[in-house]
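Should a chain be cited, it is by its letter among A, B and C, assigned in written order, with residues numbered from 1 in that chain.
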Amino acid sequence: MTTDPTDRHYDRAFVRTFFTSPTAVEGEDDSAKMLRRAARLRGMEAPDVWVPDNEDATAPSMREEGAENVADVVAEHGADFPGEIHPRVVWHRDRPSARRDGFEQMHTIADPDRGAVDHVDGFVVPEVGDVDDWKKADEAMTVVEAEHGLEPGSLSMSVIVESGEAELAMGDLRAEMGKPSNNLERLFLLVDGEVDYTKDMRAMTPTGELPEWPELRHNTSRGASAAGLVAVDGPYDDIRDVDGYRERMRENRARGMTGIWSLTPTQVEVANTAPLPPVEGSWLFDAGGREVELDREDGRFVYDGDAVDLDREDGEYVLEAEGTERHLDEDGLREAILDRASYVPSLDDVVDSMEEFEAAKAAGRGAIAMTREATLVVDGVAVDVSTDRMWDEATYQAARTPIALFQDVHEHRPDQHDALEDRYGPAVVERALAVGD
Amino acid sequence: MTTDPTDRHYDRAFVRTFFTSPTAVEGEDDSAKMLRRAARLRGMEAPDVWVPDNEDATAPSMREEGAENVADVVAEHGADFPGEIHPRVVWHRDRPSARRDGFEQMHTIADPDRGAVDHVDGFVVPEVGDVDDWKKADEAMTVVEAEHGLEPGSLSMSVIVESGEAELAMGDLRAEMGKPSNNLERLFLLVDGEVDYTKDMRAMTPTGELPEWPELRHNTSRGASAAGLVAVDGPYDDIRDVDGYRERMRENRARGMTGIWSLTPTQVEVANTAPLPPVEGSWLFDAGGREVELDREDGRFVYDGDAVDLDREDGEYVLEAEGTERHLDEDGLREAILDRASYVPSLDDVVDSMEEFEAAKAAGRGAIAMTREATLVVDGVAVDVSTDRMWDEATYQAARTPIALFQDVHEHRPDQHDALEDRYGPAVVERALAVGD
Amino acid sequence: MTTDPTDRHYDRAFVRTFFTSPTAVEGEDDSAKMLRRAARLRGMEAPDVWVPDNEDATAPSMREEGAENVADVVAEHGADFPGEIHPRVVWHRDRPSARRDGFEQMHTIADPDRGAVDHVDGFVVPEVGDVDDWKKADEAMTVVEAEHGLEPGSLSMSVIVESGEAELAMGDLRAEMGKPSNNLERLFLLVDGEVDYTKDMRAMTPTGELPEWPELRHNTSRGASAAGLVAVDGPYDDIRDVDGYRERMRENRARGMTGIWSLTPTQVEVANTAPLPPVEGSWLFDAGGREVELDREDGRFVYDGDAVDLDREDGEYVLEAEGTERHLDEDGLREAILDRASYVPSLDDVVDSMEEFEAAKAAGRGAIAMTREATLVVDGVAVDVSTDRMWDEATYQAARTPIALFQDVHEHRPDQHDALEDRYGPAVVERALAVGD
């Protein structure tokens, strides 16, 4: 029987974090120091996928030693590491010598005599080109597996998409993965690499900042969706800018790209947490084209900024925003405020809604209205709002994504159970694990 | 002779509205009540394409009855229905049983003994995967046609694009449609289905709102253009939000996607009207990054908002906007105002320009300047502006799109003739039908 | 040995400007007047690629004469013209007669007896369809080359991408360019043609302005990158709007599309200059969501707009922007200002950084911090800021793009040497030519 490419051939359905460490640093007593430090990460600071990086993060002259360091450190610490382990080796679509080096590095790391391969989930291959180049990397792994007596396809393959060719190749994966002369079913992550992609596309910005590349991220996410893989965004260089990192992840999730590269344990923690539903629900408010989160005060949600003015005059309300003034009665005001407001549900809210829909479905009802009520206070004027949202099977299915993510994390990351319980409380965690089956 | 895929194999070159109705509602005296109601729609409330929906809008347990209802109601009312009729059946790229059910539903509805098939223009197939899956749906129709003695290819096929696979498949249609072992020339509509697409892509937004998916809409529109098909956007859930619906359609038309799903007769009316050129021309004005339509007062166009301040001081003009102040003489002011202003032509204007260009071309001139003059009043200061736009063959051809749409509507929707004449007046309608040949 | 499609098969690695001239104007004493005028352009007003346009810019009845004019004028002036010469001929994916005419026009212009072909670098083919149509144009050139005894592949082929089919075809180039039955290695420029693309996609905007088509531009840039070609954007119609033209090019460069169509010698000059690094560095400042360039006054960089208010009150700073107020100490202020500021390096700055990194690399260091210090003055308050940016091999490689462009211009456009020296001074030019090897 043929396999469907959209069936996932690996454990993790979601990957939040992709954390790279140099494999060998020159001039240190222990060149594997950074690897050892990363191998000890646990809980929210430990990534879903740890990438001992024998490519860009490690000087070319240190990479032979780096491959041996990876084998040593993973042999020692791999069994206890809570995430998956996917070393990155060198590779280049245009340089046979780099491909030869990549083969040797994989061969070294996967050598059973070194004791690491049982804890190596796969390899990350950078700088791939079109799909025929992906097949060469796949073949290198097939040979490594055969020489080392490993099961064919047991090493997964993740690629860094950092060329126009690789971006185009993602459209061909479904057709290619089924072919008998390759083992491309081993594919796991599609990871964007915007720095080298920018170079490859010869793009320029005045300040040297990276372009946003929205189409690349869409195509990566779509390629992952169509081939049953997981999409991961590239590094966010400004490690001080936590808000910017969060905003980037928010945009990525709206594209179906849940994972992101992390450069520091702090970024790992932020990125492990960001895709989880919030602990408390909140209201967003459109204030002059900018969405702000309202302050919760005594159970009410307050907007105190300057972008929206609201006054009561002669029995009517005057709402001034974006340079125009509207005169409204009470119903008109409620509707105007509601148009600007939207609710961000907590994990608890999502579980509530799903449970309610599951009960309705069991009782033979296909669609129900979910009501949410709140008091919003704008410029000192309190407005009671109430929203109805119809839930049908499709709404329910779409709402399952964050829950599926939560369950995937809980299943594969026991080291994060405490953090999840601290964050949400044990009751919510338990209910979140039970819905959606 | 081979056929070119960009030749259109169906009557309508444009589809504005795609309106779905449940085929069988439980607990009603007449389970086909919603179908009967929809079948009686006429004029601007009647869609270009009516979709008796035997998939998501109808409970799974009711779908067998639903297929029979479709046959009954279309047999009774189909001859008089002013739009095309394209029932949606069940289908799923990953579930053979759904495909089997879809086949049976098509078989039932298209059975000549039931009397409906003469009024059924084709079927809508949801949840298609890559192009090989589209071929399975095509084959199901081919078999239905053969068993029922219908002309091969007489039933058109429209698909809902709601997976990454289907999005990718749209790039292959031209190459596949010519092949002898399929009848994919029967393709008609490419309809985006953003709810299930969002689920399939595993995308998440904080509020649960659907992502915008601009790349999907581009790819659907491009796929339709390259294969001679018609692109239609998915449902706009917030049926109260007419402005948002209009804005979505405006964006879609700028992508070449003229049609949109409609969930209610009111949405049908809005969406049938939105792509038609306006009755009156208007001026748009860039006020602090926001485009506003100027108020027409006594033949002048007035901006009274707060985002742009204009004063006359000591013989010069002071224009304050976006936090900067400019001092201008009369010519500078005219230019600054003109930079912020743009004109939206009425149907009458478009016809005028096309007639003028046609006359110039007949007289041997390849390019002419079209001048438009108006008085804009900003913050109480009147400014006479005049714009020149060069029209050449390319401008003329691009301007033809709204006229071609108008003519397509007029040709295929006699039930809307009165509405068009009420809206534009008979003289403008007549001239609009005559230009552009 | 096979050739890699991403190897470039032509001289210019970058093309800034694509300038079209009518080939024959009716009613003039000399119908080739416009060609002769263009052929005499030199320096920054002369384009990188000059396109005698025997298609849209020339009336259909004048095109036979136009082809002869091209041959005559290029024979006379081609040897001295500083840019490349690529005449555009007629072509259409749907009209065999247009293809036949295009063949004849190429045959005429490339006839060695007319003396022009030594100075003709290739032809521009408009209105291509899918890749099989590109092959027909390629074949037409192959036949022209054979009949005229020219070396196979010596004429390059550039296409105008102005249909959905052509947009899709750009994804197939790599696979098709290697095939033995075509000479598609002759491909050079991929040029977007948004006017006809808009018509082909049947897109509409209220004012008749062209849509932005970001996805088309991405796909063209990616197609060029993957196949070793050069991407060029289409015409910018509003020739008065120099700021808009510059902004369009800035966006394009962030997509990897360096070149743009130019309609006038003034546009050529603007577009030849725009992609070159600035002479002086400058600071950008985010003022209420709008990036403004700070004024340089006495070596300090000053923001005097209204969008950000900064006051000192009771020993702390109050920063008001986007409707919110923040109270900050000195460090907090410095960070807040830094978050809003970014530096645009001059050519001199880029060369400095590259030299510094090259020296560090030679000394065995893989990454160094580049520090930049400045005094920014916001609302009268002076703030000393200092930014550190890590440079590693990847940063260095990405920074090379503007330098590679500069070197490409210097190598191929000796007629612009004076302009470059006037602009930057000879010392900076010399250093810019020496870095990066």
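In the analysis below, a residue touches a chain if its C-beta (ideal position, glycine included) is under 8 Å from a C-beta of that chain, and two chains touch if they have at least 3 such contacts.
Keep in mind that this is a model prediction, so the values were computed, not measured.
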{"item": "Subunit B on subunit C, rotation in degrees - Cα superposition, rounded to nearest 5", "value": "120"}
{"item": "Numbering shared by both copies at the subunit B-subunit A contact, with half separating same from different", "value": "different"}
{"item": "Averaged-CA centre spacing for the pair subunit B and subunit A, given as whole angstrom", "value": "34"}
{"item": "Residues of subunit B whose C-beta touches two or more other chains", "value": "171, 214-215"}
{"item": "Subunit C-facing residues of subunit A, complex", "value": "56, 59, 94, 130, 163-165, 167-168, 171, 195-196, 198-209, 211-212, 214-216, 237, 241, 287-288, 290, 305-307"}
{"item": "Subunit A-facing residues of subunit C, complex", "value": "4, 6, 14, 171, 174-175, 214-215, 218-219, 221-226, 250, 253-256, 258, 275, 278, 284, 289, 322-324, 339, 342-345, 366, 389-390, 392-395, 397-402, 404-405"}
